[in-house]
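Multiple structures follow.
What follows is a pair of complexes built around subunit A, which joins subunit B in one and subunit C in the other.
Let's look at the complex of A and B:
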């Protein structure tokens, strides 16, 4: 079973000693809170655990930037 | 009437003629030429009386605020100096001190870097360039009370347009100073082949600290094109960005294309709106460029070459059928020189070598930069008078073929390109030695794929430290992408015939280990794809 997407992000923040009290609409990557390596890790998680095809021509990667848009993305795939 | 050599004069003229054209789009925020000019004019009125050094820092990138800052600083008659948002506090403090900035323009990400200690080193005038979202604790450009300066302050061609920092072998980055004249010559030459119009929608993939941003913004502003700012996230999977925004002009390092190919997202016909694609900063491997051509069938593809010291770019080669390949490396050639350049291929004594022989690429032009900020020693070493003319010695190796086309063959020194970022390995080594408390420490770029370094590996003889400790210490002084992803400890270093540490032997060791079946190819850490 896949984890909730919020806990994926919180785990990533905690692993990197970052404050994990993140609001649903806070920018995760464009704010610099997490870096592009973390984004790569998230992409792999989304593909592996959540079954998303991020190579799709219209996959909009900006949806990875907040918990609420991630939830929408994951929900759409389910 | 005397002409104004201010670098935003053409922006001003476009804004006057076509104020409603879209200038910049960033996420869901957009600003027209007219509005950008209005904010810049107001910012300029605020900045102009404060100019002493004449330098205004930009601690902002990939945001409308960054461009309000650049246009406003230039409008006021200042030299704009982008500060890298990836620099750690120690470096920001030191460089802000050296630069004696008169003011700083920030965006919300820049504000986060202004901790108490950094702010103490910053100029007293700090303005948020974001016209829509105020940043707590700072005056923002929309609330400045001075009446706007109606037109850009007149400047001379010899005045400095900008200072852009690039890696320096001394351990600190060096600031390349470019005059208004050099920039104007660059734009005149580049306009001939880019032929931008107001209908063009340009994807801006670069931070303003990278001088390819100079190419995009100033050419766009002459033509009335729009700039579409990509986030670091967009760069990791740019397909939706380009498609949704119907982008017509693309420019990036080839690494982004290779990432897309690996992810399986670079599909034929993907980019049917692109008419011009430009690659730069790294060798452009033929499979890379061919895959892009399939994905963007309507697009002309240009490979461009140029160090920051020549003002952005000085050579280019279009992808033709058949392509002009640098056969030894399987990459597209760097082609022809800009018309305002003389190119020499020289041996170590500075004498020219015959056709088809490899030597150092040496550039002569009135487009060259003025030199390095506060470093006349480094300037004199790289910019030399030969035969009554000033030449820039690039440190790049190359040759001229029998058809007068140029080919790039690598570096003379230890400069590497990592995802388009220029890195002097000596700069990283200076900090590795400091962190390890030993002179016996070196850094190599590894692995190198398609001519682009994927990561850095440090080697140290100080066996008492851990990798984590060394990396943490280095991260205090270096941006994250320059901190080696891996540190190896050795009781002894291999030596070459001159008794120097043998980098090649260390790389061979890494290659050998990687080929052993039990080893997984290491993921290079500490880098960023934002190039």
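Let's look at the complex of A and C:
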């Protein structure tokens, strides 16, 4: 059973001593809350835990930027 | 004179306390409700804009034409906020016509090409530049328009690769036609303008994949924003800017106050650079790093202590110079109403090489990450995380970094045989590979220094490591071709008496 996207992001923020009270539409990466290395970790989690294949040319990296867009991404793949 | 007058301690303390209070009030001005209300008023808007323009003028970082264009655009946007996008696009198009090439090498090439054309078919340099801009804007309208109409096409899904192919074809065509023909002059002008706009156009094309509603026509006119700067898109594109748009008058006032603070900080840093120059170059007569390398290569190098001072001064001056123009551009963008992050954010605080890149030149790092790192990371070596990160880092810091500088400088191919022109880039190749190797190792090591490791291992050694790496790497940071790779390596070794 995979974790909810919200808890994945909250865990990543807590690991980096960042405020974890994040709203669904708050920018995670463009706001500088998490950096591109954290993005690689998130991508690997999405592939490993949620079974997503993001190599498709249609994939737009900005979809990783908010919890709502991440949930939509995971929901579409389910 | 009273006893109180001679007893300077407490008074001195009070004076410092006063300065500290003023400093604190200035640094938190954007959080002050009174200041926010003032900045939202008519007089406040005018005053904030005047401070920013004055800071830019006093810094002497802008040409008069650029200063006038930026000031007029900012005041016009403040007066007619509903016309912000058309004003930004119109001003940016004007700027592109005013300064179509990012670097002087392209302007000199087009000027030389104008002089080579046969009598009767001659065009002036300005006509060639105008033609180049016109063709590139038309090409961008066509590309972005078709991409929006046919997002399912393979070329539209991989816009950066498609744009890179167009650039390569244009370059090949420029190399193929007779050097003294009108076609050659026109093609080189188009290639020069195209490459000066390339990364802005790339962001515009990627933006369209994210369904940002900005019209393709506006994107095609925003190929070189009016705030100037390098070929690196600070502020990326409309899609990115829109994420940071102030949503109401109060947010806009806060954003502008932040812009004003940053512009003033950039002016203070400009003064710091001047002071360093006066101390190092004028008083101590220390050469620039480039001059020190060339003198060493010519066999009449400076004393070792002079070379070390030059190396270290170059590192700090470079940090300051990048910070100054980045801060000014971000300040201008904030004045327009977009609260984007800074380009440089305390790089000396970095404890890892990767963090330094994030802090030193954020939007260049973003360019490399957006166009090289992520595409490679998402596609290759997915079964092996270490190799996956290493390859993606190589694609960004190595390949992407080199490609960015190489494409920008391709005007050298117009005057030199290809093999001779390629030699110019040897130091840049080494620089990119060394940077990629350093970043890969830094990421592989993984374990970040923590406060519990002690003062030396947390506060000092990691920062010294970052400082030493980038300080020495700067010896190879050259795209002019002056001073070969071997001469630069020899200079580096000579610092240690080797």
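Going forward, the second predicted complex is superposed on the first by the 78 of 78 C-alpha atoms of A that agree within 3 Å, B and C clash if a C-alpha of one lies under 4 Å from a C-alpha of the other, contacts with A are read in each partner's own complex, and residues count from 1 in each chain.
Everything below uses one rule, namely that a contact is a pair of C-beta atoms (placed from the backbone, for glycine too) under 8 Å apart; a residue touches a chain by one contact, two chains touch by 3 or more.
No experiment lies behind these values; they were computed from the predicted model shown.
Enquirer: If you stack the two complexes on chain A, which partner ends up touching A:40: first (subunit B), second (subunit C), both, or neither?
Expert: both
Enquirer: Report for A:21: first if it touches subunit B alone, second if subunit C alone, otherwise both or neither.
Expert: In the superposition, A:21 contacts neither subunit B nor subunit C.
Enquirer: Determine where on subunit A the residues touched by subunit B overlap those touched by subunit C, and list them.
Expert: 30-32, 35-37, 39-40, 43, 54-55, 57-62, 65
Enquirer: Which residues of subunit A touch subunit C in the complex?
Expert: Of all residues in subunit A, those touching subunit C are 27, 30-32, 35-37, 39-40, 43-44, 47, 54-55, 57-63, 65.
Enquirer: For the complex, give me every residue of subunit C touching subunit A.
Expert: Those residues of subunit C that touch subunit A are 154, 157-158, 206, 209-210, 239-240, 243-244, 341, 354, 358, 365, 369-370, 373-374, 377-379, 382, 385, 389, 392, 443.
Enquirer: Quick one: in the complex, what on subunit B touches subunit A?
Expert: It is residues 27, 62, 85, 108-109, 112, 231-237, 239-241, 243-244, 263-265, 267, 270, 480, 523, 525-530 of subunit B that touch subunit A.
Enquirer: Could you please specify the touching residues of subunit A with respect to subunit B in the complex?
Expert: Listed in rising order, the residues are 29-32, 35-37, 39-40, 43, 54-62, 64-65.
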